[in-house]
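A, B, C, D, E and F are the chain letters, set down in written order, and residue numbers restart from 1 in every chain.
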Amino acid sequence: MRILLVNPNTTSSMTALIEGAAKSVASPTTEVVAKTSRMGPVSIEGYYDEAFAVPGLLMEIAEGEATGVEAAIIACFDDTGLDAARAMVSIPVLGICEAAVATAALVAQRFSIVTTLERSIMPVKGLVHRYGMTERATVRAANIPVLSLDDPSSGASNKLRSEIEKALEIDAAEAIVLGCAGMADLAHHLQEEYGVPVIDGVSAAVKLAEGLISLSLKTSKRGAYATPLAKSYHGMLAPFAPGFAP
Amino acid sequence: MRILLVNPNTTSSMTALIEGAAKSVASPTTEVVAKTSRMGPVSIEGYYDEAFAVPGLLMEIAEGEATGVEAAIIACFDDTGLDAARAMVSIPVLGICEAAVATAALVAQRFSIVTTLERSIMPVKGLVHRYGMTERATVRAANIPVLSLDDPSSGASNKLRSEIEKALEIDAAEAIVLGCAGMADLAHHLQEEYGVPVIDGVSAAVKLAEGLISLSLKTSKRGAYATPLAKSYHGMLAPFAPGFAP
Amino acid sequence: MRILLVNPNTTSSMTALIEGAAKSVASPTTEVVAKTSRMGPVSIEGYYDEAFAVPGLLMEIAEGEATGVEAAIIACFDDTGLDAARAMVSIPVLGICEAAVATAALVAQRFSIVTTLERSIMPVKGLVHRYGMTERATVRAANIPVLSLDDPSSGASNKLRSEIEKALEIDAAEAIVLGCAGMADLAHHLQEEYGVPVIDGVSAAVKLAEGLISLSLKTSKRGAYATPLAKSYHGMLAPFAPGFAP
Amino acid sequence: MRILLVNPNTTSSMTALIEGAAKSVASPTTEVVAKTSRMGPVSIEGYYDEAFAVPGLLMEIAEGEATGVEAAIIACFDDTGLDAARAMVSIPVLGICEAAVATAALVAQRFSIVTTLERSIMPVKGLVHRYGMTERATVRAANIPVLSLDDPSSGASNKLRSEIEKALEIDAAEAIVLGCAGMADLAHHLQEEYGVPVIDGVSAAVKLAEGLISLSLKTSKRGAYATPLAKSYHGMLAPFAPGFAP
Amino acid sequence: MRILLVNPNTTSSMTALIEGAAKSVASPTTEVVAKTSRMGPVSIEGYYDEAFAVPGLLMEIAEGEATGVEAAIIACFDDTGLDAARAMVSIPVLGICEAAVATAALVAQRFSIVTTLERSIMPVKGLVHRYGMTERATVRAANIPVLSLDDPSSGASNKLRSEIEKALEIDAAEAIVLGCAGMADLAHHLQEEYGVPVIDGVSAAVKLAEGLISLSLKTSKRGAYATPLAKSYHGMLAPFAPGFAP
Amino acid sequence: MRILLVNPNTTSSMTALIEGAAKSVASPTTEVVAKTSRMGPVSIEGYYDEAFAVPGLLMEIAEGEATGVEAAIIACFDDTGLDAARAMVSIPVLGICEAAVATAALVAQRFSIVTTLERSIMPVKGLVHRYGMTERATVRAANIPVLSLDDPSSGASNKLRSEIEKALEIDAAEAIVLGCAGMADLAHHLQEEYGVPVIDGVSAAVKLAEGLISLSLKTSKRGAYATPLAKSYHGMLAPFAPGFAP
């Protein structure tokens, strides 16, 4: 199996971190193809950044499908571009928030999601609602800029721990979901430290993607994810027109 | 007052139609500035098209704010890019689905939305849910491609009428919402024909925008719509980086 | 345009305050006709007072329609009598809670409503639910009797500020809705003080009413708001019988 | 035990019918005190009629409490005035829609409510939602004016049967709730005819009222139903002012 | 009337306590037949215990029906086995959580349930959701093992009071529901102490059961509670096979 | 990896069918250990059968854990005993309705579940609600007894196809979920026939189980699924007492 893992921000060190997490859980027969988006923001923090991460992300997924990957993962907790990607290709596509939430629901009745910045709380709550988990999930922010997760001197790790502790005590969380792809390397350690399931969306998505491939399940092309109609596109985005042949 | 009305698809004949609807309801002291997006698809039908309409749309809104418009309207019933636009600027921004649904709720307890294609039903249902109207609104598709609305020989008008009649009979709709900007010119006539309120989102949004301006209300910059953080963007979308100075 | 603004309590100083707020935002071509109810309680605090405010309120609206007003506003945050009024007349009718909540939703993802007394929290929550905003709005009470809002020595202003501050800090509110018609004069000042949108329902309703009139939208007479059937009424309320001719 | 049963419309033949249904299920030690409202409409069909039924209804309940009844029932399926009545008195007060829905939920997972006129569907749906049964109950109208229920020549009985049959077949209803006090005498017979539970709200409310009295439970005076504050009332409704002493 | 009251745990001292509560509110003509389950756990604390309380519980109810009881009550706040019991017999069956919640909703708009252990919070929340009260009820645990309620030296009473006080202050509860059959004897005293309605599910269920019997209402055998199909059962549970004749 | 697959009914031919489906999708390194319950009903059709399938099911899972399986799957679409099993063991446990619904949600926005008998519609709807998919899933019954699925002469296959066709046409389903473990062998063929994703819960659960094992995720022992407290059990179920040592 070949699974495409797209980091939709343009920071390659973060791709490396994510790729490591993905490979550590992938089956021996799975090839994880990790790609960094070639256009858009260096990190995705809020709706505006999300919007501009989409074209680069879709380009990677389209190229991935053309070169034979069997599933694609969008490695940003905002699940940005997920619907557009599902409409675009016929391979299955997974968002890591979706994957993390679906996985957490299998091992706990209620759980808390700890994301990075305050501004991401409402977007993530929107996703939680869409995935049917409003009554089971609480969303918290640790006030950590995404790129500081990479930097040991930032204090990010302590802020994250402090927020996890509040989740356990105040929310009575039974499990913790890490609300940023950049936290993918921390799940295992935090799970040991706190003695509750700690779910990272990147690795969760790898396993779900392997599952869908094994089950021969692809995105339905009936209804919401019907293949985009061929039509003209103008301006610098013209190469993205469905059916475009340069 | 100056209100920017962006047609986020690149078809200028549709902009003209929308502009006419907007101007017919605008206050005498309101200047409606209608713009056609300069990049992206010629029509927006489904999630994929939506995604690629966003950059051109945001460019128009950013330029509009820079030239002094006091509010912006996104004239596509999918409310594409609405959250990103709200985060980007400080003027208020309205989507026409949001405007239509908020307005319909003031004159009817339950109503039906008639949109164009089957593939748009789930995206519009998603918006209806977000706007809190799941229990009051039914979503139907008349199977009319967006651009056929312009073409009298397409039979679009009859298909639309037929679907409105189903809404009145089967859904017991008390009002009808027209689910596409391209239907903006039809509201008045259909309202007379069917004797129930018929709401067009473009004109509804113009009145809401005038209202927000009069009330000195702007999008909150606290929380979900906080101003995007300055950061680097790569590739062809780099000019969209917040704080970018070329 | 002529818009009727009914204060459904019988305190004319409060009508004056509300009228001032309405006129300060009305279009130059709008005439605001403010009326104080001639029967019922001096203030509306809870379900019981609400019930007895309805006949006087409906009398004003019926008279208003007969004298040519084009829309009516019920200036009490409980939206008391709203459904009955919509059924009674053919002009559009707006409640100020409904108007405030619909307006707040255009500029913020989550917001808090600060009302007067504890006993009004559940009635207002009921309205919030009806308007589809349960997941976006928090309701708080500042423990201020309605009529004390008029009285600078009451400390009402400080209690209100204190509750707004809790809303911002604890609820992470992005905007504030003032939950009583008697606070209509405070919105502008509080918005400046706290730097977030502060919405007053009276002025919000004026703009929505102007919008509905411009759009030629009236309450649907199909379904829930069908015109009351002609029938006999007994006792002192007989003059309210639909079709009654004394 | 003495239980007050108020018919909030002014038609005494309907009171007699309701009283009969109530007495047929009351415990031998329960005295049912049936009263016809002395002011308001002859039947309650829609929001407008509801509003004007409230003062007469509350007058009966206040008098009832003064003369020692231990609970009160509002015998109109719109549960009109229920909140105001609960705030007004300290004895428990029940609405018949509330009672019927609470009872149906004990014997069936999903059920259909068959009410009189189309215009009552949305008000009843509003109640169903408030009582937490949206996902379990369907609301239908048999297009029977309330007062025609009394008249064998009206065909009302056949229309009701026809609608019950649709509920069983289309809604897969497991039980039927009769959605009008005027149907109170039909429950027993229809239950035998259709072999599913058929619930009449009047008799259901009698049993719930007896239960609350036996359990020494009264409406909470904390929060939403706090005793109305003493205050002045103006005009013809002045005698209803809390604390009023003429 | 004969009503079966089953204590689904095997602790007979708890049965005695429950029986006392039931008899104290039962009508003079009602015979309460209290039974202790003969198989399963000594107390029910969480999902695992629940599962093993079901066979003994159902055996008592089947025997009860065979000996002529007209209704059955399952005296455990988890409402364990309720659906299976309803399918099994034709007499009505009530759970005490269901009864308590339905009763509380008649006397308060929002209320708090105080149960025993933390592990029961999510099961009880699941029931609250099923009964349509998610927005009105808060669930709390007093950290009291079920069997300690019997033991004055356990401090259980003080822990319960402390949690009730938090419910009143933090949740703004208007009424309290006691979330364990073992608290059935405390309702009356706590109601006097705190001045708000305090509801015990056992006594609430007795009154609802009497009501259903008086109304000639039985569980619908259409749909979800259809009589179990005759079929073979293997192993030690074979005697429970529907239609089994040893 | 060793995964236990329990058929909670006692029909071994059905176990063979389920085992085949599971093995056809399991990873080469996964050993599927299929077990038929040794006590309880020959098929599970409705709440009553469900209840009696639980002890046998739990016995298999407890034995499985003792012999080193790393995850367990309950192969009945009612997800019977799922909560009790999760509380009992520390390995992850999956229900096949849960697995199917979680998987369907990854490839379609709305889908229909086709189950066996009418009486299972409400239990399955209850699960759909619990899994957060109420607005996305429709539940239908094909009126096929569970054990007839094995019998080519029963016409079961045609009834199933007919119901799938209704789901596609009437519900606008984008994918189909097979609502019975006994349909596990049909998914692949039906998917080819109808050209939409067809999801079988058994195979979906195998892939989710492999995923959880790879991710080192186990059921949280904090909160709802805390390990059962050691306590005495009476009667024939005594061997199931937590901590029991015979």
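We take it that a contact is a pair of C-beta atoms (placed from the backbone, for glycine too) under 8 Å apart; a residue touches a chain by one contact, two chains touch by 3 or more.
Owing to the predicted nature of the structure, the values given are computational and were not obtained by experimental measurement.
K.L.:
Which neighbours does subunit A have in common with subunit C?
P.N.:
Touching subunit A as well as subunit C, we find B, E.
K.L.:
Among the other chains, which touch subunit A and subunit F together?
P.N.:
Touching subunit A and subunit F alike, sorted by label: B, E.
K.L.:
Of the other chains, whose C-alpha centre is the longest way from the centre of subunit A?
P.N.:
Measuring from the centre of subunit A, the most distant chain centre belongs to D.
K.L.:
Answer with same or different: of all residue numbers used at the interface between subunit B and subunit C, are over half used by both copies?
P.N.:
Copies use mostly the same positions to touch.
K.L.:
Which integer distance in Å separates the CA centroid of subunit A from that of subunit B?
P.N.:
It comes to 29 Å between the two C-alpha centres.
K.L.:
Taking each chain's centre as the mean position of its Cα atoms, how many Å separate subunit D from subunit F?
P.N.:
That pair's centroid distance is 44 Å.
K.L.:
Which residues of subunit F are in contact with two or more other chains?
P.N.:
Where subunit F meets two or more other chains at a single residue, that happens at 109-110, 118, 121-122, 129, 134-135, 172, 223-225.
K.L.:
Which chains touch, pair by pair?
P.N.:
Every touching chain pair, ordered by label, is A-B, A-C, A-E, A-F, B-C, B-D, B-F, C-D, C-E, D-E, D-F, E-F.
K.L.:
Taking the complex as given, what residues does subunit F use to touch subunit A?
P.N.:
Those in contact with subunit A are residues 25, 27, 92, 94, 98, 102-103, 105-110, 131-136, 168, 172-175, 188, 191, 195-197, 199, 203-204, 207-208, 210-212, 214-220, 222-225.
K.L.:
So in the complex, the part of subunit A that touches subunit E is made up of which residues?
P.N.:
Contacts found on subunit A: 109-110, 135, 172.
K.L.:
Okay, in this complex, where on subunit F does subunit E touch?
P.N.:
Of all residues in subunit F, those touching subunit E are 10, 37-43, 45-52, 54-56, 58, 81, 83-84, 86-88, 118-119, 121-123, 126, 129-130, 145, 223-226, 228-229, 231-238, 240-242.
K.L.:
For the complex, which residues does subunit C have touching subunit E?
P.N.:
Touch list, subunit C to subunit E: 118, 121-122, 129, 134.
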